[in-house]
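Naming follows writing order (A, B, C and D), and every chain is counted from residue 1.
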Amino acid sequence: MSGSEFGKIFRISTWGESHGPGIGVVVDGCPAGLPLSEADIQVFLDRRKPGQSKYTTKRNETDSVEILSGVFEGKTTGTPISLLVRNQDQRSRDYGNIATLFRPGHADYPFTEKYVIRDYRGGGRSSGRETIARVAAGAIASLLLKEVGITVKAYTKSIGPYTVPEEEYHYSEITENSLYMPSNETAAKAGEYISSLMAERDSCGGMIECIADGLPVGLGEPVFDKLDALLAQAVMSIGAVKGVEIGDGFAASASTGSRNNDPFFSENGSISKKSNHAGGSLGGLSDGSRLILRAAVKPTSSIARTQQTVNTKGENTEITVLGRHDPVIVPRAVVVVESMTAVTLADLLLRNMTATIGHVRKIYGK
Amino acid sequence: MSGSEFGKIFRISTWGESHGPGIGVVVDGCPAGLPLSEADIQVFLDRRKPGQSKYTTKRNETDSVEILSGVFEGKTTGTPISLLVRNQDQRSRDYGNIATLFRPGHADYPFTEKYVIRDYRGGGRSSGRETIARVAAGAIASLLLKEVGITVKAYTKSIGPYTVPEEEYHYSEITENSLYMPSNETAAKAGEYISSLMAERDSCGGMIECIADGLPVGLGEPVFDKLDALLAQAVMSIGAVKGVEIGDGFAASASTGSRNNDPFFSENGSISKKSNHAGGSLGGLSDGSRLILRAAVKPTSSIARTQQTVNTKGENTEITVLGRHDPVIVPRAVVVVESMTAVTLADLLLRNMTATIGHVRKIYGK
Amino acid sequence: MSGSEFGKIFRISTWGESHGPGIGVVVDGCPAGLPLSEADIQVFLDRRKPGQSKYTTKRNETDSVEILSGVFEGKTTGTPISLLVRNQDQRSRDYGNIATLFRPGHADYPFTEKYVIRDYRGGGRSSGRETIARVAAGAIASLLLKEVGITVKAYTKSIGPYTVPEEEYHYSEITENSLYMPSNETAAKAGEYISSLMAERDSCGGMIECIADGLPVGLGEPVFDKLDALLAQAVMSIGAVKGVEIGDGFAASASTGSRNNDPFFSENGSISKKSNHAGGSLGGLSDGSRLILRAAVKPTSSIARTQQTVNTKGENTEITVLGRHDPVIVPRAVVVVESMTAVTLADLLLRNMTATIGHVRKIYGK
Amino acid sequence: MSGSEFGKIFRISTWGESHGPGIGVVVDGCPAGLPLSEADIQVFLDRRKPGQSKYTTKRNETDSVEILSGVFEGKTTGTPISLLVRNQDQRSRDYGNIATLFRPGHADYPFTEKYVIRDYRGGGRSSGRETIARVAAGAIASLLLKEVGITVKAYTKSIGPYTVPEEEYHYSEITENSLYMPSNETAAKAGEYISSLMAERDSCGGMIECIADGLPVGLGEPVFDKLDALLAQAVMSIGAVKGVEIGDGFAASASTGSRNNDPFFSENGSISKKSNHAGGSLGGLSDGSRLILRAAVKPTSSIARTQQTVNTKGENTEITVLGRHDPVIVPRAVVVVESMTAVTLADLLLRNMTATIGHVRKIYGK
């Protein structure tokens, strides 16, 4: 599993299981001189903390981060930044049937087939807690992006069948409801929907939208590391995400060229587009317009209902997943999508610095 | 632009512009002993050739491949395989206004901003001809996959608003209609739709679906190089693709856990799933079921209609894209999606070989 | 500084400064099922511990390792293995003039020029303590190699002008003298030499030799990741190493083809070489003979003598490096060279597993 | 063999066998706007051409390069630069016993063990012709370095036992003798030595020294991609190179700290060193002084004498390597060492551009 690394220059390497000693990430390649404190990272981690609403698990997780290296007197030194978040709950309690049963919708079965051995405590490496490392890295990436005026923001576009149409967005309301939707009204309906599912011991999914403003034109490295391609990998790599789209995405496939093309126009010497069906990406490069991406999140796989499955002996049996689980993980995944987007943009921002001889001369003063 | 490489072990490095001397790819890391000939690759290249139906451009392109290295006496030697496809049309003809105008929907503007200099002849590096290298590499990857019983197949799921529902699939019909749809009936309707758009000098897009069978359980490298994550990057990196989904994808976000979870069951000692909403990927690893992914392709950006745009001087103006262009590129992109899927699977197949100590002992006979 | 990673499949990512919270490494790509405990790693760390002889600093460093992830019930799980070694001495004591003066032979000056900011506490990232992470990773690599019968051993070939000629090697004596030389007699003379230098507040260097037995034929990935090429990078990346050679190395440049070529011969069906001037590497691949490499280690840069230098203001001045320092670091570097060799071999061992279609078929049972 | 790639940003991917259709390289990541023509590259290729003196083979090789992509109107576009050099001699002539015998000193045996199949025509991938791709890439790297005032120069330090001491260097004489030595006098003696070896159907090796001036302070990416570490890999990866050293190298291992440390001093506001035992590298970063490295080249393995060996059946036998071979490859390897040094420096030059937040702000104008 040498796949726990992401990025070419702003490179993150994550590690950790849900019930091992801890979760962490090494960020290698962050430029020197960036102001950074544990508090800066904690703010991001707190956004994914559970128990913040009746729709998220009540498990008491206090995930506090420790900076182990790469920062001196409040600034990054250009050396690897190592971050550690200790797991609170490590006691070898009874994980019941998870050890011997394959939970539907979970990675238990393929993990066991691939590695033979599997850390079955709470999902191990494939637990949602793995995202702690992504969010910690995302916090650093966001600070780096802010240095050049780039901002990234994610929110809940839909919960089950309840979607907020773009014309009804109220960004200010995102933090006013526990589902992080840009519409308190839709959030209220979605909340009732979730409650009804909880009563039926069922779960649901939703859509997360992420936007980025202030991007310089030209971020992205054709042809395989295009802006949209790396964002697709970054977001799809988040557990439970089953689809990714940029701009009009799937809707564009049913449109026509005359409607889907965004005309360019010039105003006060700056070039922009009259519409943004492209979602800020042309030919895999940022085009100066707002970056827009959406992620489809599947319903929580852990449901209290009894389900058919197979045990490690290969025998047919039933399973009832115990413990408290989020009826919907979308609200907690919002900051994860935002973080992976920030990490991707930070890496492409640095990679773009060597695009021309002009840049080389500028840095070396020739 | 150091982004023209894909894969960790089965690594492809592509190059070439539409009107330069040629297009090519270097495949490094293909195991030695694989039977390979230029004919094997030509079969794939011919599938993306234009002029095969009235819906694709009439440009006369005969793309014949030459193997420059890595093959000896009909077999791969384990050394880099270099493939070259010469461009026929290199004469420095008049590219008209493309050189000084930014075509809506194209990469002209961000490319010029990023690199200052731009090869404006027919789109240069961002031309659809770039995919020739992807398809050539895909041919080799497919042969490698076939060695272990893995098959990959792509087809047109929809053209504009005309979609083939799964229950009406007739795989045998895919090669019977020039749109590569698994339904001649829908293909006929879609054909009329395309004709009507051509009359209006407009274009359309569509959806491509790709399936893979025979995958061993466990392909994928968590947490960033998961099966679905790398497929998302691979497919989204194809020009004109604006969205990617696995299994139920976006539909899953509106479903519930009880409906979306695929129950496991055991039969004759082998484990499988009663349904496949997951599309063959659990926790980012192949789960033994059929792999299913869909790509959303936007409408062709080059349309004969007059559009508003800006020139390289930053002045507002109009553009009418000349020359013959496909009213829909979906049919020609089918083999490209299939090829990128094959390349991704080939790399993960090789990467999975070091997953356990058992595998290490098996290879080294200890 | 995104250069703290080494290896393609068995990938290590190190971090940490000498006086920060700790030093560590993330090992990603180690096969699942390898028995591993903190004790296994501690054995290696103890070999580089200071204060083991009168020739090494008396600083009291007890470097105990903690496994933070990747191991479950005594075995590796195939997920990233995170290792942490806390630094004992973190109190912000007076680092005297190191903060404002550039120590001759040290990285102070170029680090300050490159990153502007520098963690001047005890050398920061460029401190010898950085090698703790290399040794911890080397312990895991050595266990992996042992699974297929590969052993790696390093020792001190020379201290200053005192060299042990190959014909006088007594491997059993390596652990009998505090300089880790394969000759107690030479070690005694070298010891007196070191004592005399200490009296003069001076230091010396030496040569470390590393051998590996049991290598399968064919390890190495031409043309840039050849066995000898990666070993050269791995060993030269160790602080204080100024030269690397394989087999006869520099001596070969003064030899002739008839003397330097190693004739092949066959015995009982196995092929070997009558001599080993090549040091076990032909064309960048292991050839079945013993791997032999040597590293040239420069004299300790930190000496108590007053030296000319420049301060951070760019003014000429003098410096007297305070504190206890090893008069020679060679003995402590022995395990570091051995570890980097093991890490390199472990990665190439795994990379070689995909060399042929035969191997692919063997793993997937086709 | 996925090891034919070198560099992280200025990334080169080489391919080709000695008697296949051709040899080539793809350079991905070269900044846009660099003036480049086939003539610029040809100058470098001509320097490694054989038949330039009586000490190099008389084979008639005219290696002319073709630029296949990445250059438009005389300048690089930032897209991959593909270079092709066709092989002249491809006719399937009789390679005699090379196909069935393992040549001593060559890669025949380990290649066959690793890949089972082997292109035995003239050494295939492990032929000296492989270096054509390195030199072609080196030409581009050198042009890039020149843009910021960095120059790289290699020459022959010694042939067999004939060495030119530094105090007798006459750089102007390097191009005056066919051995590329900085001393016509020593070159004359070395020439006689080579002639005598030719009479005995024997061969010899030598040492190549490479220097680089104008390097900015701070090039190198600790801890594994240090300047000296990557140079060691780059140079050791060249066939026949058995050792690499920086500055005083192995001699430093016998020196003392007081003699080996280079004192810093300041003059007219610029910092430099009073001596350069370090060879321009401190802590793995360029220190502003001249970079100095040496490579030990083994004697040519192909000698006309009859040697003992084993055939592919594993039987003991004899071999007499036919055909014309250089009695010493050092003169032709000079440009290869220079090229690999240039490629390494070009990559580190670009990687260093993201070292600080100050650089990021400078590029993005914030």
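Following the convention adopted for this analysis, a residue touches a chain if its C-beta (ideal position, glycine included) is under 8 Å from a C-beta of that chain, and two chains touch if they have at least 3 such contacts.
All values reported here derive from a predicted model rather than from experimental measurement.
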item	value
Pair exhibiting more inter-chain C-beta contacts, B-D or B-C	B-D
Whole-Å gap between the CA centroids of chain B and chain C	44
Centre-to-centre distance between chain D and chain C (centres being mean Cα positions), rounded to whole Å	25
Centre distance in Å when chain B and chain D are each reduced to the mean of their C-alpha atoms	38
Residues within chain D bordering two or more other chains	1-5, 8-9, 14, 29, 32-33, 78-79, 114-116, 125, 222, 351, 355-356, 358
Pairwise touch network: line, ring, star, complete, or other	complete
Contacting residues of chain A [partner chain C, same complex]	1-5, 8-11, 13-17, 20-24, 26, 28-29, 32-33, 66-70, 72-73, 75-82, 84, 114-119, 121, 124-125
Complex interface listing, chain B residues touching chain A	1-6, 8, 14, 102, 104-107, 109-111, 113-116, 125-126, 130, 158, 160-161, 197, 200, 202-207, 217-218, 220-226, 228-237, 239, 242-250, 252-266, 269, 271, 274, 278-279, 282-288, 296-303, 305, 307-310, 314-316, 351-352, 355-356, 358
In the complex with chain D, residue positions of chain A that touch it	8-9, 29, 31-34, 78-79, 144, 147-149, 216, 222, 349-351, 353-364, 366
